[in-house]
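The two complexes that follow have subunit A in common; it is paired with subunit B in the first and with subunit C in the second.
Then we have the complex of A and B:
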C-alpha cells in the first residue's frame, strides 16, 4: 500500500540518489560505527532511541509496579518504598525502586482483550486490527520516524529467542513496506547473512557490488519506479549492515559491563541493545518469555521480576553513564497483566482490566505514577487508558506528533487513532 | 450475531471529518469522467478497444507515447506474464532471428496454449485470492484454468462450492481460510470480486462515498452470516439475521443487500426455539465427527450473492473488478486506482474502456483468456518502459510508457534459477513436452527459492533481508554460483576469450544482446582478477543475477 508521510517524501529524494549511494556505502566495513564522529554528533543532536522490553505472556502488575500488600489479592510479596516518597513497588524490584526518578509508571491500563494473540497484536500496533489495513507495529513506525533511510546500521532489531509466544510477538512493517521490517533474531544473538562468506575476499565483495551497481544504473536509465529505487537502496545498505555485525558481539565488552548486565540471555541481549542504540539503531526490542503464570505465579515472578529488575537497572545505569539516557526511552510492555484473584494452582490468569506499564528515560517525567487501580486491583479507579494512549505518550516522549498521519492509498492514517491523547502527566 | 466493534463516537466523527477534508481535495483535483458517449463497437477485439481508448486520451492531452519495446524486451515481458518465466538465451535468439511479421501473435498463442500458462495463471490467482491467509487453492485453480472455466463459474465454485463435485475439489479453501473471521470473509470477497473495500462502512456510513452506508456493509456480511463449518466442510443455516449499531446508537437489522443497494427477497425464516437449536447443534457435531458434508439449505444466501452479483449488469462490479485487476497485474496499474476503490469518487482513468471491456467480458461468457490475450496483444502493453524523450515523463495513468513491475516471488526464484543455468541445457531441438517437464522442475526449485522473497503489494519495497541473503547466503552461493556442468559459471569456464565470456554471461542472464559498455565492464572486471579467474566468473554472474534487470518485469 502507498504510505507517504505528510512532509517531503524522503523516498522520492532517495529514489534518484539510490543507485549512486551504493558506492558511498560500499566501503563502510572499514568504518568503526562505534567511533564514527558522524554518529556521535548525531546522538548529540538529540536523536531519539527506544529499547522495548517485551514481557511476553503477561507480567503481573501486582508483583511489579502495582503491589497490593495485605489485600486478599496481594500475594506473598511486600511493597517497598522507592526513592520517590509515596511511591511503592513490589519488593522484587529493589534496584528499580532506587532508580525511580527516571521512570513513570502507568497503573491504569484497561485494554479489554485477554487472549495472548489478539492482545499482543494490540500492544504491538497500538490499535485494533482492521481487515483491510495492515498496520505497522511500534518498531516499524519508529524505524521510519527515527531512522535514516540510508542508515548504515539496522533500524529495527527484534530479539525473540524463546519459542513461547513468538508467533504473537509480531513484527510487521504493514503498509510502511518491507524497508521497515525488523531484523528478527530468533535463533541466536547474531543476525543471519551479515557475515561475508569465506570464499570471497573483502575487496571482491566490494567490487562485485560496484559492478552490480554499474549494470543496474545502466538498466535504470530512463526508468523511474519506487520499487526499483528500493532494490538499490537495499543493496546500498548491505556493507554498512555487515559492518554492524560486531555490534552483536559482546565479547569485547569490559568484564565489568558484562557482569553489570548479568550472564542471562535477557541480560546479554539488553547489553547488545545498548550497543546498538549507541551506534544509532533507533529501535531495539528484547523479548523475555514466558510470563504466563497460570500456576505457581509467585515462583515464576520471583525469578523473572528479579531478572527484570536487574537488567532494567543495568540499562539505566549504563545509558546514564554514557549520556544516552536522555535520548533513550526504555519501555516495558506485555500483552496484558494478571488477575488479582489467585487461582487454585497459586497462579494468576490473563487480565486486561487494570494493569501497568513503565516508561523510563527520554522525554519522561521520572518519579511519577499515573492512574490507579482500586484497592484490590480489580478495576481502574483513576485515569483509565488504553493501548492508544500509551502509544501516543511514547510518540510524544520522542518528540513525534502522535497525530501525524500517513497517506495509505487515499486514506489518511494517523500514528494513533484520532481522538487519542498522550498522557501529559508523565511527559517531561 | 457479529456485534460491531465500537469505536468511540468521537473517534468516528473526527475520523470522518478528516477523511472528508481529504476527499474534498481529491474531488477537486479529479477530472470527472466524460459522461455518456457511445462505446466502440462490441465486435472489435479487446486489443483494438484498449488501444483505441488509450490512444484517444493520449491525443487529447497531446502526449506521444514511448515507442514499442524491442523484441527481446517484449518477449521477456510476455513470457513472464503468460508462463511465469523469462525466455532462455536460446529462445530469445530464435525469436530475434525470426523474420515472420506475425511472430508476436504466434508466440502469444503458443504460450497461451501451453501447460505453463495454466501454471502461471493458477499461481497468480492463488497469490491474489489467498493473500493474507494460510490457505492455498493452486490445484483447484490449475484445474479450472486448464479447462478454461469462466470467471463467473470460478466465482460460484469459490463462494458456494459443492464439495462432492471432484471438479471443485479444493475450491472450498477460499472460504475455509476465512471462515473464522466473517469480517475478513466479507471484506475480502468485496475487494477481490467487486473491487470495493467496504470495511470503512463497518463502524459508520462511508465518509467518502455517499451511497455506501453501514447497511451495505452489514448487507454484505449477511450473505455469509449463516455459514458454519463442520471441520473441512461448510453448511448454511436457514435462519439468522445480522443486527448492528449505527453511529447514533440505534440498533438495526441488516437487510440482505448487495453493493448496488439491491435488497434480495428471501423466504421469511423464523428463529427456531431453544430445543430446535439444541438438536441442530447435535446434528452439526455429528457431521463434524463423521466428516460429512452438511446438506445444502433450501435457501442459500451465498448462492444469492452470486445471483445478485451476476445480475448487476448496470454497475457491473463483478466484471469491472476483474478487468481492473488484470489491467493492474499486466500493466502495473489498474484503470481505477487503488484497485479496491471502484466507486463514484474514484473515477477510472479511461471510463469507456473499462465499460467496454466489462461488457465484452459479459458478452463473451467471462472468458479470462480472451481478456488476457487482448491486453497482451495491445500496443499499449508492448510499449518500452524507458522514457528517453526530452518531454516530461507522462503520468502513469496515461499508459504512455510501460511500468516496471517487481517479479512475484516464484517468478524471481525461477528467473534466478534459469539465469544461473547454462542455456544449452535447453537446446532448440528439445521437444516441447520435454522442455515443459524440465521447466516444471525449474519452477519447483524457483518456487522454493522464491519463498525467501516477499509478495509485492502496491508500492512494494525490496527489503534489506533480500539483499543480505543474496549477498552473503551460503545456500544461494552454492546454488546459483555453482561451478559444475550445466551451470552458467561452469559454461563460462569453458570459454577462453574474454569477450565471449562476457557476452555469454549477458545473454544467459538477461536473454538479450549485450551492449559494448557492459561487455567492457565485465571483461575489465575479469582481467583484473587473472590470479583468481574462477572467483571472478562467479562474481560476474553474481553481479548480473542481482542487478535490477533480473528483479523486475520491465
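Then we have the complex of A and C:
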C-alpha cells in the first residue's frame, strides 16, 4: 500500500509552538498557541481539514437546497433568494442564503439506493460495497491523506449521539487498517476511557512514562523492528489522545462563541469540531440524526433545518473569522433525499433519484449550483452524478488526486472508481 | 350524554389536493375548503358533479377558513389573511404578514363579530370581522420548545358564548383568554401531547392540534396525539384530554384504538355528542362519551381527515383531508338514545 501526505509536519509545528509560546503542551491542547499569527498562518498554509455534517436519515432536498415552490410536490415552504443572484433555497435557510458565496450546491444526485443501511454505506465509502474488499470510508481516507504520521491528536473523530441509524453511520477504516478508525463518540461529547486512573497522580503518570521511555530506549538500542516502532507509536498516540481531552471541553469557550453555535447538541458538537479542526484534527464528522420524516415532514424540517441553518452559518462565520475557512471543507451529506410526493401523514419518504448535497469552503467555487432536477423534483434533468463524483470532487477540492491508487496486496485500488470524474464546475 | 353515532357516506370526491380546513356557508350545503395548492375552493359537495371553484390569493397551504356574516376569511402558511365576499370572490381586505410565521388556524366567534387567528409567531390575534381591524394580540406561548427548537401555535377555539378563547401549542400549553379585554385568564398544561425524543432521533413531534369548549362552557377538550415511540411516523395513540376550567385540572384522557392526530373536535351544538376526526397515514373518526369517559366508537375514514364541518341541523358532517372531500350522514347507532 502506498500513500503520501504533504504539509507541515506536526513535529516542526510543535517545535515552533514551543519556541513561540513558551511552555506549550506537546499535545496541542493549549489552543492559545493559535493566537500567535505566525503559528496560525503556518497551520493554515499547509493543512486541509474537513468537517462532515452527516444528516442521518435523509434530509429533504425540497426543504433545503432545491425548493419547488408552487408545484404540487413543493410543500408549504417558500423559496428565498440568496446573496447570489438567481440562486434560491428554502426559506428555512435564511442565514445560509446570505453566506452562499462560500458554498456550492449539487442538486443532481441520483444514487439509486433508497434503503437506509445500503445508502448510508454508499455515501460513506463513495462506491458500492464489494464482498472481497473492505473499503475505507471518507473519514478514514482523509485521516490517512491529511493526517500526520506522528500526530498526537486524533485523525478522525466521529460524533453520533442519536441511536437511530448509528449502525449505518459507524466509521470503517477497511483496508487502511485500524490506525485510521475513528474516535467514535456516542454517549457524550468527551471521549470516554481517556482518564488516567484516579489512584495515579500526575507526577506518577509522568514518571511512569519516563521510565517506560528509558527502558524502551535501552531495549531498542541496536535493534530495528517495525513492531517495536509501532508499539512505541501507539504509546505516544495514547498519551496524546489522553491529553487532547480538553479539546472536547467547550466550557472554556467565550460565551459569545457558545451562543453563536447555539444550545443544541448539534451546535455544541459543531463547536467542538471547530476546536478539533483548529488543533489539527484533519477529519471530524458530526452526525445529526434523525431526518427520516415519513410523518410530519414539514414540522420535522422546521426543527432540523432551522438548526442546520444556524449551525452551518456559525461554522462558516467562525472558521472565516479565524482564517481557517479556506483550508476547511464543510460537507453536508445524507444517505438520500426525500420523495417529492407528500404522503397522507404530510410526510415524505425515501428518495434517491434527485437530491442535493453541499460543499463549503476549501477548494470550492462558492455561489454556484451544479445540476438540476425537473420542475417537480422527480428526476435529474441536468448533470446527473453519483456518490463517486461527489467523493472525487471532495478529494480534488482538498488537493488530492482522486485517481491516486492504494496497493492492496497486488491490487491497485484508486480513491474513487475508475472513470469517476470530479465536478469541475464547483471547484475553485 | 350517552350516545353512539354512525356515519354513513353520502358523497366521496377524490382530488389531487390536500385539503386542510373547511367551513360551511350559511344555509345549504356549500362549503369553502382550504387546500395545499394555495386555493380556497368553493364547492357544493352534495352536487352530482361538484364544481370546485378555485379562489386564488394565497401562495402556500391554506390552513384556516372562517365565515363571519357575509365575509369569508382565509389564512395561510404565506402569513397572509384575506377577507372576501361570500357572494363572488372579490377580495375586500387583506393583511400581508398578519403573522410573521405560518398561520395555523382561523376561526370566527359564534356571533360572527370577531375573527381569531393563530400562527407560529406564537401570537393569537383578534380581529374585528367586518373591518379587519386588529383588536388584540394575545401573547402567552413560548417561541421555543424546552429543547430550543421553534414552537408552533396550532389551534384556537371560542367558547359557545363567545366570551372566552382558548389557544394551544406544540408543547401542550393551553391558554385561556378573556375575549373582551384580551387578558389571559388561565394557563393549562397538557404535556402528554408533546413527544420529545432525546435519545433515538433527537427531535420532537406532536402538539395540541384541536380544541373545543363543552357547550356549557365548564370544560375544555384538547385533541392531538399521545406519546410516540418511533417519531418518524404518527405512530401514537389519538389522544383527547379534558380539563375542568374552574380548577384548571386535567380530568380525563381518552385514548382509543386509533393512531394519529385528532385534528378536529366537533360538538353537537346542544352537547348531545362529541366527534373527533384525524389520522396518521390513514384516517379515523371517533365518538367520545364524556359522562362514561370512554371512546364509544372508533372507525376508519377513507383519508387522513384534517378538518370537518357540521351542518346546522347536525345531520351531515363534511370532512376534508388528504385528497378527498367526504360528506357523511350522521345517524344514531343505538336506537332509542337521544
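Simple rule for what comes next: the second predicted complex is superposed on the first by the 365 of 428 C-alpha atoms of A that agree within 3 Å, B and C clash if a C-alpha of one lies under 4 Å from a C-alpha of the other, contacts with A are read in each partner's own complex, and residues count from 1 in each chain.
Note that a residue touches a chain if its C-beta (ideal position, glycine included) is under 8 Å from a C-beta of that chain, and two chains touch if they have at least 3 such contacts.
Quick caveat, the model's predicted, so the values are computed rather than measured.
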item	value
First (subunit B), second (subunit C), both or neither touched by A:262	second
Residue contacts with subunit A in the superposition, subunit B compared against subunit C	B
Subunit B versus subunit C as contact partner of A:346, first or second or both or neither	second
Partner chain(s) touched by A:355 [first = subunit B, second = subunit C, both, neither]	neither
Partner chain(s) touched by A:418 [first = subunit B, second = subunit C, both, neither]	first
Which superposed partner A:221 touches (first subunit B, second subunit C, both, neither)	first
Touched partner set for A:292, first subunit B, second subunit C, both or neither	second
Which of subunit B and subunit C A:304 touches, first, second, both or neither	second
Residues of subunit A at both interfaces, subunit B in one complex, subunit C in the other	none
Residues of subunit C that touch subunit A when the two form their complex	16, 18, 36-38, 59-61, 77-78, 102, 120, 147-150, 152, 199-205, 207, 231-235, 260, 279-283, 303-304, 321-323
Residues of subunit A touching subunit B in the complex	1-3, 128, 130-134, 154, 177-179, 181, 183, 192-197, 199-200, 204-205, 207-209, 211-212, 214-216, 218-228, 230-235, 237-238, 241-242, 405, 409-412, 414, 417-420
Subunit B residues within the subunit A interface of the complex	5, 7-8, 10-11, 14-15, 18-19, 22-23, 26, 132, 181, 183-184, 186-188, 191, 197, 199-200, 208, 338, 340-341, 346, 385-388, 393, 403-404, 406, 454, 456-469, 471-474, 477, 515, 517-518, 521-522, 525, 529, 532, 535, 539-540, 542-544, 546-549, 551-552, 554
Complex interface listing, subunit A residues touching subunit C	57, 69-70, 72, 76-78, 161-164, 262-265, 288-290, 292-296, 299-300, 302-304, 306-307, 342-347
